[in-house]
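Labels for the chains are A, B and C, by order of writing; each one numbers its residues from 1.
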Amino acid sequence: MDIFVQQLINGLVLGSIYALVALGYTMVYGILELINFAHGEVTMVGAMSALAVIGALLGAYPQAPALLVLPAGVLAAIMVCMALGYVIERVAYRPLRRAPRLAPLITAIGVSIVLQNAAMLIWGRSYISFPAILPHGSHPILGAVITDLQIVIVTLSVLIMLGLTLLVERTRLGRAMRATAQSREVAELMGVNVNTVISATFIIGSALAAIAGVMVSAYYGLGHYYMGFMLGLKAFSAAVLGGIGNLAGAMLGGLLLGVIEALGAGYIGDLTGGFLGSNYQDVFAFMVLILVLVFRPSGLLGERVAQRA
Amino acid sequence: MTTLLTVENVTKRFGGLSALEAVSLTVNAGEVYGLIGPNGAGKTTLFNCMTGLYTVSAGVIRLDGVPIHNRKPHQIVGRGFARTFQNIRLFANMTALENVMVGRHARTRTGVLGAVLHSRRCLAEERDSRQRAKSLMAFVGLKDRSRSLAGHLSYGDQRRLEIARALATEPRLLALDEPVAGMNPNERREMSELFRKLRDAGITLLLIEHDVKLVMGVCDRVAVLDYGKKIAEGVPDEVRRNPAVIEAYLGGAVS
Amino acid sequence: MRSVPDWLRRHPGLAFGLLAVLLAVLPFIVSIGLGRGWVRVLDFALLYAILALGLNIVVGYAGLLDLGYIAFYALGAYLFAWLSSPQFGLHLPFWLVLPSGALLAGGFGVLLGAPTLRLRGDYLAIVTLGFGEIVRIFMNNLDAPVNITNGPQGINLIDPISIGGFSLGARHTILGVHVFPPTFYYYLFLFFTLFTILVAMRLQDSRIGRAWAAIREDEVAAAAMGIDTRNIKLLAFAMGASFGGLAGGLFAAFQGFISPESFNLMESVMILCMIVLGGMGNIPGVILGAVLLTVLPEALRYLGAWQRAALGHVVVDPNDLRMLLFGLAMVAMMLYRPAGLLPSRQRRREFRAEDGAAEQEAASLYDAKA
């Protein structure tokens, strides 16, 4: 089997999930200049609620077809996360819009702790496995293997990203979002209801996070109350890599980070003469993050923002 | 007469916009040099380039013959060049006296060890800083405001405090960005008095101001910027009669 | 502080005397009143006070949000373990190891800070958080191919601190009374806490402290007033980190055992919580925060016992509830009492200022048109 091609495929799959989560960070940052620290946990809540609904449905109707159960789970996750995103913004961020910068960041950390621990109380400390209703075919490709699930994840991600791009470029809401990102004051003067736009941004970002959450738990076959933390960090790194505030950047950054991580994990043993193993996979995201921030703080596609320090 | 500051062909671009285009000027030691021009002419941008807040796109700026463009702000302050800001930038939640004492930073040395051990030098320095800060506050007319929060001072007092803070760095050259903006005629008179006192104390002044009467009254020489270009330079009377200047100002007044 | 009674204010010497006596006998009062286990809690409260005061230099004074602070604690702890335990067969004396830990942590603080400190605040938060995770991942995995950290199992049998042949890690009988290690460590930790307080106080009140405050208020103006913002920020970072390293060494010696487990992100967040809860930038506030957040979880353990007494079984494990409550408290504090329980003068003003947006504006380099 060709390791390079295989890791490339794995990286692209993981990367498209990162991209979905990164979009949430980047949209909020673009509009509020706020790092929505709790976004990773929203992803986790999405995964866990989908697992709960799917589990409950299969419990009640063991013969229910996967094509019905899966979408039901995803839909439930989306609804829950959209509500969650809305509430988080209203409760934890909106009252602090004029406060010093540190304040919303601290409430954001508080919210993620709350979500994590609430999830732990609700769903317990142990891993929840994804029911075996997923497609499990696989196809050889260029000396490597791609599974049906991987194909579904990538296709769905691409479709969603296309949809989001259309929404931002073509619709009234999208125009309002772009105007608000340019300048909140001016948008307000032009008659944009900024609060609505901000709420919508959180809601859309959370919906993406929900889908990404389900994808991750399906891909690894697991859900866990702690899964959002790393995922969130990596997606944030991806957003920064691409240029935070920039939608295309988040997509590119996500894909790149996924590939870097997969290839890194595949080759780190060879690179370090066996000193470091693939258990250092998680280090790559942070290395990338630090390197980008040091050498090109505006990211690959972003404008210079770091100078505004 | 010795040259203190020279600006040679300085250009500053923001994306496509040239905020400064090949601007050159020289400021002599001991004079009050005025910089005027319509809104958006590039005056503040030039200050920012001179004081290290912006990097220049091209050109050279020298203080005492030593290039200072593209140096860090604190290095430029260290060489004796201080400034104030058009949109007042005080440390609003610190007291007025603390603000001025911050200005002493570049002229004091106490490190962590000295501060923690209360070394003799540290205590002496601290006393000296406080003393100087107080007398500077008196100098600008804020004698009994030292314990007020900077953010609570009146607009005019905030401008004075910014000058005191800049003076605490012991500048030879002081750049003031619209120091009388928002002041009433009475205060303006006091301020021009202050400028004269500063010049008599041997400090070279670089003054951005829209108040043409004040500029003509206190400045030894004046340069006029318009759309990023220097369109005139000379003694006030000369400049006032310069057709290009009249055109720039009338054009500005119409729009 | 208006809560101090007037007669105490008139006689500060007397107040100090009383406080000193109280602090001196506290472990005995606590062990008699609440049980010996609580002396340990007291020790941890002091340890966290050192940590919180250290982080307060970074966050409270200089306004830099450091979410990876625990990594410096970890470095100090691991260095202590490496230099005085059977892991490498080294048993160096504590007076050599503790300062080395502080130095190492401070050095790493500079190493991490140098490239990142020019970033805006929230980026810095994420980078430091990433750094904290990297350190933890390395501690977790550096057991193969060369065993440096002993991986997830951690390092055991770390030497207790021993001063002139008197081991703090053993029971001694003094004047016929059995005195246990936590009591000895209490005095050691108290000494270091007082040391930290002194350093923090004097720094805050110095040229350097003013420079930190200035940077926090308006970095551009600070630079234009002659402050080398990069170096001064680095200094805050390094100072905070050294106290983290110091506390780490103390922790390792006290516990006799360390593992990566003790150094996860939540610990960083907890220390940040202490500062936020107590009052950022204010030394008494920070100490109050540290004590409260160390003691409260212990007190919460009784919740389990009460539940069993009232309902016959434990419905919610108080340990699980603990973090949830902390998270809620963090949000609530920011919303309703953002300056903390004992706010510093400056913070109070800052949050009361009608237009906090002014600060954001001040953060931009661009001279806005008047």
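Assume a contact is a pair of C-beta atoms (placed from the backbone, for glycine too) under 8 Å apart; a residue touches a chain by one contact, two chains touch by 3 or more.
Predicted model only: the values in this text are computed from it and were never measured.
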item	value
Touch-based graph of the chains, sorted into line, ring, star, complete or other	line
Central chain (by mean CA position)	C
Most distant chain from subunit A, judged by the mean position of its C-alpha atoms	B
Distance between the centres, which are taken as Cα means, of subunit C and subunit B, whole angstrom	42
Rounded Å distance, subunit A centre to subunit B centre (Cα mean)	48
Centre distance in Å when subunit A and subunit C are each reduced to the mean of their C-alpha atoms	32
Touching two or more other chains - residue numbers and ranges from subunit B	none
Residues of subunit C engaged with two or more neighbouring chains	350, 365
Subunit B contact footprint on subunit C (complex, rising order)	198-199, 202-203, 205-211, 213-214, 217-218, 220-229, 235, 239, 346, 349-350, 353, 358, 362, 365, 367-370
Residues of subunit C defined as touching subunit A within the complex	59, 63, 65, 67, 115-116, 118-123, 125-127, 129-131, 133-134, 137-138, 140-141, 144-146, 219, 265-266, 269, 272, 276, 316, 320-321, 323-324, 326-331, 334-335, 338, 350-351, 355-357, 359-360, 363-365
Sites on subunit B touched by subunit C in the complex	39-40, 44, 48, 51-53, 72-74, 77-78, 82-83, 85-87, 89-94, 98, 101-108, 110-112, 115-116, 118, 122, 125-126, 129, 149, 151, 165-166, 168-169, 177-178, 181-182
Subunit A residues touching subunit C - in the complex, by the definition given at the top	34-35, 91-92, 95-96, 98-107, 109-118, 120-121, 229, 233, 236-237, 240, 274-277, 279-280, 282-283, 285-287, 289-290, 293-294, 297, 305-309
